[in-house]
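One chain, subunit A, appears in both complexes that follow, with subunit B as partner in the first and subunit C in the second.
== the complex of A and B ==
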């Protein structure tokens, strides 16, 4: 399948092969779906919207609704203002959302459409009905990655909706990074267990993990409520769970509403979850309940019970910075050896963070860590220095098959396996779920490859 | 009253009036022209539909873009080529392996289907131009992968910043010695994927087809507009080979670049997806004199009918006998395979909203399964795909279609060699065998409803008002439909199953449709306590 990939690292300056990222607008669309009653709107050619909806649908196996400005050649020359105005008119009459979240594309960015003024005039002349909201952000596809798009929409939500509130309230805002609804649900669950007063947005739980009841809802029950997002300006602290996908929203909240922020990792693995729980506990002066303490203990118990299968196992991991960083830390804390650590998203801060993490854990072995990298490069690294386990999104399966490496799916997108929408990787329980997957996958390979003259182990 | 309903009766005309009223007035007027309640007889013959026109901005449409039609549909399946998307990372990424067109490497072992190649354009490239980066990307692709040929596909910003991809392609072809084809298929061109099909056809015709002359056996055909989703092309090939017919090239499922160069040596072109490839069929006929026939390989009856067109064309007793023998054997086997599913499917009503030909192609197999197609429509077809090719001269050229180049093609002075004489060709044309497509109209009689470029709100209303037993659509609609408790079959990617074409494919299809419709899990959607009020529940407990 990938047998045209040479064993030696190929010198390249222009050609990207098998990318480990995609473009901004899909992230913006995903973030917008995390607002209740919101219809994301793609300001560009029809294909962008179609591709993003298709891709999100393949990952979530759920309806993903969004509209498009349906640019033609004329609009590309004369500007897309009329297309956006027509879109808003059509959308509010036909699909009646509470809010429309507009993001740009490489097309509308290149021609320089001015979203704020187009939207402003649509509000003024009542193309946008009263009581309805239109928010926006810029997502040029030729900058950053899908993670940047998520970040820009999260910041756009703040810019357009949050209101300054001087009344003192001990409440936190939680801005989760680009992760699955299962994780968002788990994070909320932990906050509720701690009896924390919080506002979380974006929140795709209840939007992209909905039940089958034979009753379709165009705007599902879930998602952060507009009224709650507005109140976020009155919280005492924002916790941004992921530097790449959530910091910008925190910065914006501080700028606009003077709410201070802290950037934490997504609570994936023992240590990152510890930091999250500690932060909430300290800020709100709340004790850590027994249920959470027990969950933590069970995760650690699993790591010690099965350490023989994990210790010093070499791992290649790829994905988005905000999920790969805490996962790498999790692997280190379990005694494993992350050997190749790759993200497609640009930003040197990725390497810096991984490097300092390695030092903290006292590691002096050679490892490869790159931002803006692709899976072709990762494959060549693996060919040069083989690993015992590959962790990453669905596209990793071709490398895993070619090199016969056990493979655990992690991150976005997972197009070919079930469960990620409902079983979290976040929190202590999410850690147990993930690490069970790792251990079982390694054991499956051991069983499968037991020599014929040996007896397969009954107990592991 | 329409025949559509077996449940509560709904008048189709009023249904259309009602759905139209949901739009702003100007939009309503436009959408109305994309809906036709079919009438029988002469009244039906004079009905027209609007198609291949702009989707109103803001409408939630199934449609994609020109790039998707060019790279995604027509060019992407050619397996021994490296296809480079010139643009930001997304377009290449989303069209990476998602269409399920399968390819088996030939003796040269070249197969790049699992790879995605892009120039990953950055803001610097948008500001200063991306030509140098593209040239370097082609150089690297040639050096590292040594493909049979390279294609370059423009995305939206490329046209706007004015990168001359055709000059870069020319220069790099010279430098690398590998053929490089450039496609100006920027997403904003045209009104849907359809523009991209045409752009792809033009370039394949001028730059690939006709490059290598090689004498072929008497019974040699090409199959056009067959993309080998789930292995369809392999099943079709199996059947033709059994008849002693050579399939030289398949555009473009399981297609090798080298086979494409020889395609003009075939005697006869069979056109499966009329929408995406009729341009190439017509141009090959004009230049090389290769007649073409519209076929349908979906369902045993249509497959047999298509094979008989081939028999009629070659008009050779021995071949005709062989074809009839194969039909007899294969139809019998297919019928045996389908039989166990018939009882569970009888009388079920199906709606189809997909593509530019599949919404028509699958109707006959549904009828063979005892099911009834009641509402249908295409995503990006033209009027001729609905009403038949005779309307082509009356189709208005508009601002969106006029920019897609129509190549002027003349007969090749040396290589124009029709395999049949003019008199016989005319006869076959009169009989409707050659150069003819009657469109979806022919199979959708009075009392059915046709909706072009269906929107989300129309789909939702159809489900609520008609409760069909099955809706065929694509990935974006699938889970919308299924959340209503109505099963949905993806006819772009076959729900990761297949092949569905040919005789063996029909059995797979029957099995999969039975699985969708008769799966007991659908009944679980209604929980036992659903209609019980809280008060009753607590009193009873």
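== the complex of A and C ==
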């Protein structure tokens, strides 16, 4: 289908072709799902809500619930205040969540609906029943990307829920970046293994990776508890795992509750996981348990066993900054050569970080790195300088097919494969899972293309 | 039966008793509901996008383009420009200063690079608010680039998908009549309202060809701009699907005096009936056409009936629920399920009209629940209480069905198996059969409890 892509790279300013990002509200919806008992609410046209739910459902293979203000022509002329008030009434009457997380859309943002005062009056006149919460954030679709929306909702959660508490405690807040429930579960698992006292939010594990129980739960058992989030204001440190998606929440926690924060990468790959484990160990004065050291050892064992298949292999990778950055580092650790590294999310800091990472690894080869890029551009880069492997979301499959490149799915969204909700890429074990996918995909292609009398050795 | 129905929605849900029931519909969704409905843009986008040699540019923030990128399996036998995603990716400064310049530049670049036969420019919510003059930009680019550049007035907030269908028809209608209708047989049709999911329109074209009917334009599955430009030369329009292209047929009737027939290619009865009415329409020109059609239906049925009968034996007495976008599809599905021995206990749609629901009340069995613009809470309640075995719906309904231990058939745009035509009916029967009889259900806690209930009944009895 991509035979329409010309070889020559064309200068483009006015448009995106085959985007590598989507808009803010879906990120806000996803972050809100990481709060237990929360119904995300989309303040805009009903199409937005429908699209976000469909997209998230396709990626997570789970029902995704969210309500909408169902804007009409009238609302977009006279303001959406009445729609939001009616929405809150309907929601608490019928769906009875513990908390509603309202985000805006380009429409309500541009007509200038004032969420805080609409919500305030709904609380005052008891449209919002006592003991229930309504939180909010602004997510103009024409700023940033879906990652920005996640970040804004994570910060909104802090703004609306966290309470200052000056009693001394040795506890960390962990604010994971926009990543799958499998990763969030893995991060929690490592913290538990270390016996850390922690509060993690948003947390979509147990919400978007639920077991078959024969019961349809509108609010699944998982998600960060409101009472825990409130207590996050009394922690001693916040670890923001991802500059793009989590730093804003850390900043907000510092501003509101004087909790200092550190920005780390999502623990993907050996080095980023090392840094995460060290940071937790350091802050809480906890030793790294043998189980975690063993996991690290197994990952390193796998990397060394298969280094000959990874070394100097050229890779193109695309996705969100907070996952692409540590993944690029992981590829470098494995001896691979990231050649084209792009994100659809805007922000020069992406290139800067990749550049400094390349320098740290002592690389002097030519590579392409862009923020705010799209897959049409990536395809042209690949046509010009072919690679041995492509890593990215579902939409990469068209490039992979057109250019016959082995392809490993990674990031958001993955609409056409299963497993990412359950098998993490985070932590040492997640690294093993991911890199075995890479190795097996490369070997599959070699096997396929090697004449039968020269098949791969059975033991590599 | 107590169900969680919103008070305000009471008259949008009825239980069929005597077939004279009416369902309140075409209402705006209640604010705050977890509605399964989409927007105007979505409606326009899905109708127009299968036109494969046109450029489809979405003027708005990136999301509208991202979520609709290649979401339907609308196949093309040639160019695939429709499967790319083009967006002006409006940013904050465009919202403040206007996006017209950007739109112009985007069109200029894309038309130069891809040489499309026409360009459709979709308006989104935000464009309606910031007031970009889409019409003016399109007129200017039409002149400059010498191809039709057509604005689609599909601002999301102006209604639901239905209004989007109308905007799409208006956009297409600007093309109709601009080509030369030469060398077209008097026995000729346009196929409206089929999107060539999984190659379905090719099945229908093949039947028509065997009947000696020429197809002038596919609207819009595997569609081509030049075909649409000359489609006013066809003698008849065949319109499938409730709302999507009916307006276009009406416009063509008014302006070009082309009659239209409403057809459905789903299920044996409706597929055969559709071919017979076409034959009947042309029987005064082609004396043999009715016989050819009878032969065609006979041959096709001989191929599929033995297996369908077998499937029917195994599915007899099972219950189905249907929730689809347009009600028209539901009519055919009710009949198709009956054909494989199953009864439909719940049927609903996002955008059905009063007329649609009257028809549904007429053709369904007593006790069937009929709903308009439903939501997950209602649907899951009905599924459990009615003891549904298989649910037919779209992407948002699938995980709900699975969580409840109910089989599922994707009858929406994501389907990869052709369900139209006689072969399609066999595929449908197979898919339902596979989903219902799959051994995985025996692990499902909901099924286990059903089995336990049954065995305890036996003990007590």
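Note that in this section the second predicted complex is superposed on the first by the 454 of 460 C-alpha atoms of A that agree within 3 Å, B and C clash if a C-alpha of one lies under 4 Å from a C-alpha of the other, contacts with A are read in each partner's own complex, and residues count from 1 in each chain.
Just so it is clear, a residue touches a chain if its C-beta (ideal position, glycine included) is under 8 Å from a C-beta of that chain, and two chains touch if they have at least 3 such contacts.
Computed from a prediction, not measured in an experiment: that's the story for all the values here.
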Fit or clash between subunit C and subunit B when superposed on subunit A: clash
Touching partner for A:125 - first (subunit B), second (subunit C), both, neither: neither
Touched partner set for A:140, first subunit B, second subunit C, both or neither: both
Partner chain in contact with A:62 - subunit B first, subunit C second, else both or neither: both
First, second, both or neither for A:8, with subunit B first and subunit C second: neither
Touched partner set for A:71, first subunit B, second subunit C, both or neither: both
Touching partner for A:168 - first (subunit B), second (subunit C), both, neither: neither
First (subunit B), second (subunit C), both or neither touched by A:46: both
Subunit B versus subunit C as contact partner of A:22, first or second or both or neither: both
Subunit A positions touched by subunit B in one structure and by subunit C in the second: 1-4, 6, 10, 12-19, 21-23, 25-26, 41, 44-48, 50-55, 57-58, 61-73, 75-76, 83-84, 86-91, 93-95, 105-107, 110-111, 140-143, 145, 210, 212-216, 218, 344, 376, 395
Residue ranges of subunit A in contact with subunit B within the complex: 1-4, 6, 10, 12-19, 21-23, 25-26, 41, 44-48, 50-55, 57-58, 61-76, 83-84, 86-91, 93-95, 105-107, 110-111, 140-143, 145, 210, 212-218, 344, 376, 395, 398
Contacting residues of subunit C [partner subunit A, same complex]: 4, 6, 8, 28-42, 57, 60-70, 80-81, 83-92, 94-95, 102-106, 109-110, 113-114, 124-126, 128-130, 156-160, 376-377, 380, 395-396, 398-400, 402-405, 443-449
Residues on subunit A engaged by subunit C in the complex (per definition of touch): 1-4, 6, 10, 12-19, 21-23, 25-26, 39, 41, 44-55, 57-58, 61-73, 75-76, 83-84, 86-91, 93-95, 105-107, 110-111, 140-143, 145, 210, 212-216, 218, 344, 376, 395
Touch list for subunit B against partner subunit A, complex: 22-24, 27, 54-68, 84, 87-96, 98, 109-112, 114-123, 125-126, 133-137, 139-141, 144-145, 155-157, 159-161, 186-192, 399-400, 403, 455-457, 460, 463, 474-476, 478-480, 482-485, 525-527
